[in-house]
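Two complexes are shown next, each including subunit A; its partner changes from subunit B in the first to subunit C in the second.
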Partner chain A sequence: MNWLSDDAIERLREAGSEPELAGTPYRMLERLGRGGMGTVYLVEDSRLNRRVAMKVLEVADSSGDLEQRLLREARVLAQLEHPGIVPVHDVGTLPDGRIFYAMKFVQGRRLDEIARDSASLPERLRLFQKICEPIAIAHSLGVLHRDLKPENIMVGPFGEVLVMDWGIAKVLASSAESSPINNEVSAIAAALTGIPLKTPPITAQGTVVGTPGYMAPEQARGEIAQLDQRADIFSLGAILKFLLSARDGGVSAANHSTRRLSAIIAKATAPAPSSRYDSVQDFTGDIAAYLDGLPVKAYPETLLERTARLISRNRVAIVLVLAYLLARVLLILWRPH
Partner chain B sequence: MNKIVYGLILGGVLGIFDGLTSYFTPAVRAALLGIVIGSTIKGLIAGALIGWFARKVNSLALGIVFGLAVGLILAFAVAAMQPGPDHYYFQIMLPGGIVGLIVGYATQKYHGAATETARG
Partner chain C sequence: MFGDGTIGGGDGRFPETRWSAVSAARSDDPAERRRALDLLISAYWKPVYKYIRLHWNKPSDEAQDLTQEFFTRLIEKDFLDRFDPARARLRTYLRVCVDGVVANESKAAGRLKRGGDALHLSLDFSAAEIELTRVAPALRQIASPGSIEDWFEKEWIRSLFTLGVECLREECERKGKQIHFRLFEIYDLDDAPGGRRSYEDLAREFGIAATDVTNYLAFARREFRRIVLAELRKICATEDEFRREARSVLGLDPRDND
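So, the complex of A and B:
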């Protein structure tokens, strides 16, 4: 009797769990990866002759909760229109009864993979600013990502940034009723899938969702009701720290410039939400100020540090003026005969 | 304030200062007023030209080279116009060139008017 190897069993399992696409405009190309809620496949949309990524719910979901979550992720994404957020093209039910949504196929590398490349500090900070943009848009619409980490950020070949995996995104309670995310698309999603969308699945108080190391302390404690945009700001601060430490081994406090950058990270990742930046715009404002050689909110400067920063920022102009004055003094002292 | 006005103001101020430094050269102290007026006019012309260039060309290196060239050419012209056997080419052209360089650098770095670049 021949026993099947583990690899063979795994391949059989994968083949068995492949979604049934017969009768749909999609053609299976390959399996891209598996997340907590579903598996992502690369498929071809025969109507438009383009490749799209299809996220399909895992088979086992007796409660229907995952189904609701996947639909909710799709409609959250559909509402967040920004170049940094993957657009949803389609949502529906496959012939095998599983829920899916099709989105743009993102070609690029994950942030944790490219972080070790030799990019300068300003380039890394500018990349970080791009990561913050879609998050700021989401916050303005009352949506928290709640799982921001380098693995969930893709960087395209032209430096474009896409924030992925909005599966555990949360619509803030204060804006939930008025948010277009909770009102406008529900009916559309229900019509497309044939499944009425219930009240958005609410993560129970005490449940911990997120990734250790990138999760805000209040999120790690399961204080779901208390979460606001400052939880994402904590994660962004942790991502910034990762970005800067991936190549250089960390931001040391060796000089004034790095002390300012360290202070920005420390403010973003402060244990108490009240000590963090109030908004992503405030956070990126400090990054922009740092890049421009301007004072940052996170770091109160001494007079000496302020002077040093001004000299550093205007060193070329200062050298030119000193060169002029030196030339003048030498010409005054020089008496040709 | 656009780059031309900025160049005019900076060139004018530096021109006045440049002219006033001739006070420390006893040989020309008697002609101080004329030197200050001439130097100011030279600074204004240089500032306007360099500011115009900065408005057209967005390049720090080219701006500095253009500023240096304008400063040297105008300073050469002023030195050549000096009466008498001594034209003080070196004494006039060295600071004149540096002033042009400063204005060239400053006008390229100046971004006071956000619409300036868009207008071209």
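So, the complex of A and C:
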């Protein structure tokens, strides 16, 4: 018998945990990596002859909580129709008993991998605005992501943005009863998997879910019941800070322009939810205002700063007017008497 | 000794048998005891020998004697009677027992030479010596007791997988599925210098379709997993220990009905 190297053992461990696809329309292509609650594989859907990403639950804990979460992620994603949210194609149980869902195979790079690429400040801010769009849609449907971080954001080759890993998403209580997420799709998912779903899935008060550094303080304290869209806004603020600091080493307060940007980040990541933006739209509104040279809500300007900003924003017009006035003065002075 | 008749069984991911070598090794039935101990020895003798050689820094002949001594005690029910699965995993318990055997032998003024009636196991120590040359550098980096436990676990998994692969090879040959095993060997076992070959490349070499490569590999992996889990269950004392070991070894968590 040949010697099994450490690498061979690792390959065998991976092969041993590979999902059983016999009898399904899927054909294994390769293992893509480990996600929030399971492993993601690249598989081919032989029915449609297309490649899809299949997320398979690796750990079936005795309480079934993780299983419920994976199914819930599939349900949440199925309802969030937006180009920035990965569409779910299929959900079910594999022959080996493991739960899976198949989704669009996203080709691109993670935000944390591309953040150091050279891009101008306006380009990075516009990229950030794209990240905010699907989150705003989710919030409008009463869904919080709760684990927003650069590793969960994919950027495609044409600059398209996809927000991934909705595994610990929360359906807000106020919209839970009326939300289609908790009604229509739960029946479909339960029928497909044969597993009745808890509605809504519960994360117990005091349980901490999220990622340190990107998690709002109230989330880190496990105040699950108190969480609202402002927890995601905190995470988006932390992402904006990461996006701006990854290349330039941080947003300094050296001049008026960067002070305004720093104020936007500070407002988004304020420790108290009441001090943050009320909505993602408010947040992106300030970003848009910053890009257009307009006043931002996060930063009350002094008269001098406002004047300076107006001059800066209308520099061309002001120069033209001054040039015109100067020409008139010279014309008057030099006109032959 | 290992994996007898487990290939191609039921459709479940985990074996249905609940037979435990640890319980059987305490049985009054000599045949049952012998079967159980054969299984435990096959899974553990190499990790134990390597551990004595490297961790205790014993020369080969002394390590061989100590390995024989350890398994003789195991056979004589010295150790397994005292094993409490609620307190430790079997492999952790056995490693601690090895420490006890070696320490006691070292304390005595010279090792006790086992008498002529002592049991002598036929173990291929020369093969273990060859393997040692490959694992020795990794052990030199071990500093903490926790790392030693990890190292022992890795060697134990290597032993388990090696036996599993051998069993899979025999079963594939018996069932005329040599290509299945050969693909598994090339794709999952061999350390090719340029990395893994593509399915298309393998399909060309074997004169089959790329989809066949996928299916054959899936079969071999499925059977390998079944063999390993079946044997793992046998060498675990309890269902709970089996679940924990399955998670450690293959990253799988058995369900209640598995």
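One rule holds in what follows: the second predicted complex is superposed on the first by the 324 of 337 C-alpha atoms of A that agree within 3 Å, B and C clash if a C-alpha of one lies under 4 Å from a C-alpha of the other, contacts with A are read in each partner's own complex, and residues count from 1 in each chain.
Throughout what follows, contacts are C-beta pairs under 8 Å (C-beta built on N, C-alpha and C of every residue); 3 or more make two chains touch, one makes a residue touch a chain.
Keep in mind that what you see is a predicted model, and the values were worked out from it rather than measured.
Novice: Which of the two partners, first being subunit B and second being subunit C, lies in contact with A:L320: first, second, both, or neither?
Specialist: first
Novice: Between subunit B and subunit C, which makes contact with more of the residues in subunit A?
Specialist: So, of the two partners, C touches more residues of subunit A.
Novice: Is A:S17 touching the first partner subunit B, the second partner subunit C, both, or neither of them?
Specialist: A:S17 sits against subunit C, while subunit B stays out of touch.
Novice: Have a look at where A:R116 lands relative to subunit B and subunit C in the superposition and call it first, second, both or neither.
Specialist: After superposition on chain A, A:R116 lies in contact with neither partner.
Novice: Could you say whether A:R328 touches subunit B, subunit C, both of them, or neither, answering first, second, both or neither?
Specialist: Only subunit B is touched by A:R328; subunit C is not.
Novice: Do subunit B and subunit C land on any of the same subunit A residues, and which?
Specialist: Common to the two interfaces on subunit A: nothing.
Novice: Given the complex with subunit C, which residues does subunit A contribute to the contact?
Specialist: Within the complex, subunit A touches subunit C at residues 1-9, 11-13, 15-18, 20-22, 27-28, 58-62, 95-98.
Novice: Give every residue of subunit C touching subunit A within the complex, in rising order.
Specialist: My answer: residues 11-13, 130-131, 134, 138, 154, 157-158, 161-162, 165-166, 188-191, 211, 214, 218, 221-222, 224-225, 228, 247, 249-256, 258.
Novice: Help me check something: in the complex, which residues belonging to subunit B touch subunit A?
Specialist: Listed in rising order, the residues of subunit B that touch subunit A are 21, 24-25, 91, 94-95, 98-99, 101-102, 105-106, 109.
Novice: Mind listing the subunit A positions that touch subunit B in their complex?
Specialist: Those residues of subunit A that touch subunit B are 316-317, 320-321, 323-324, 327-328, 331-332.
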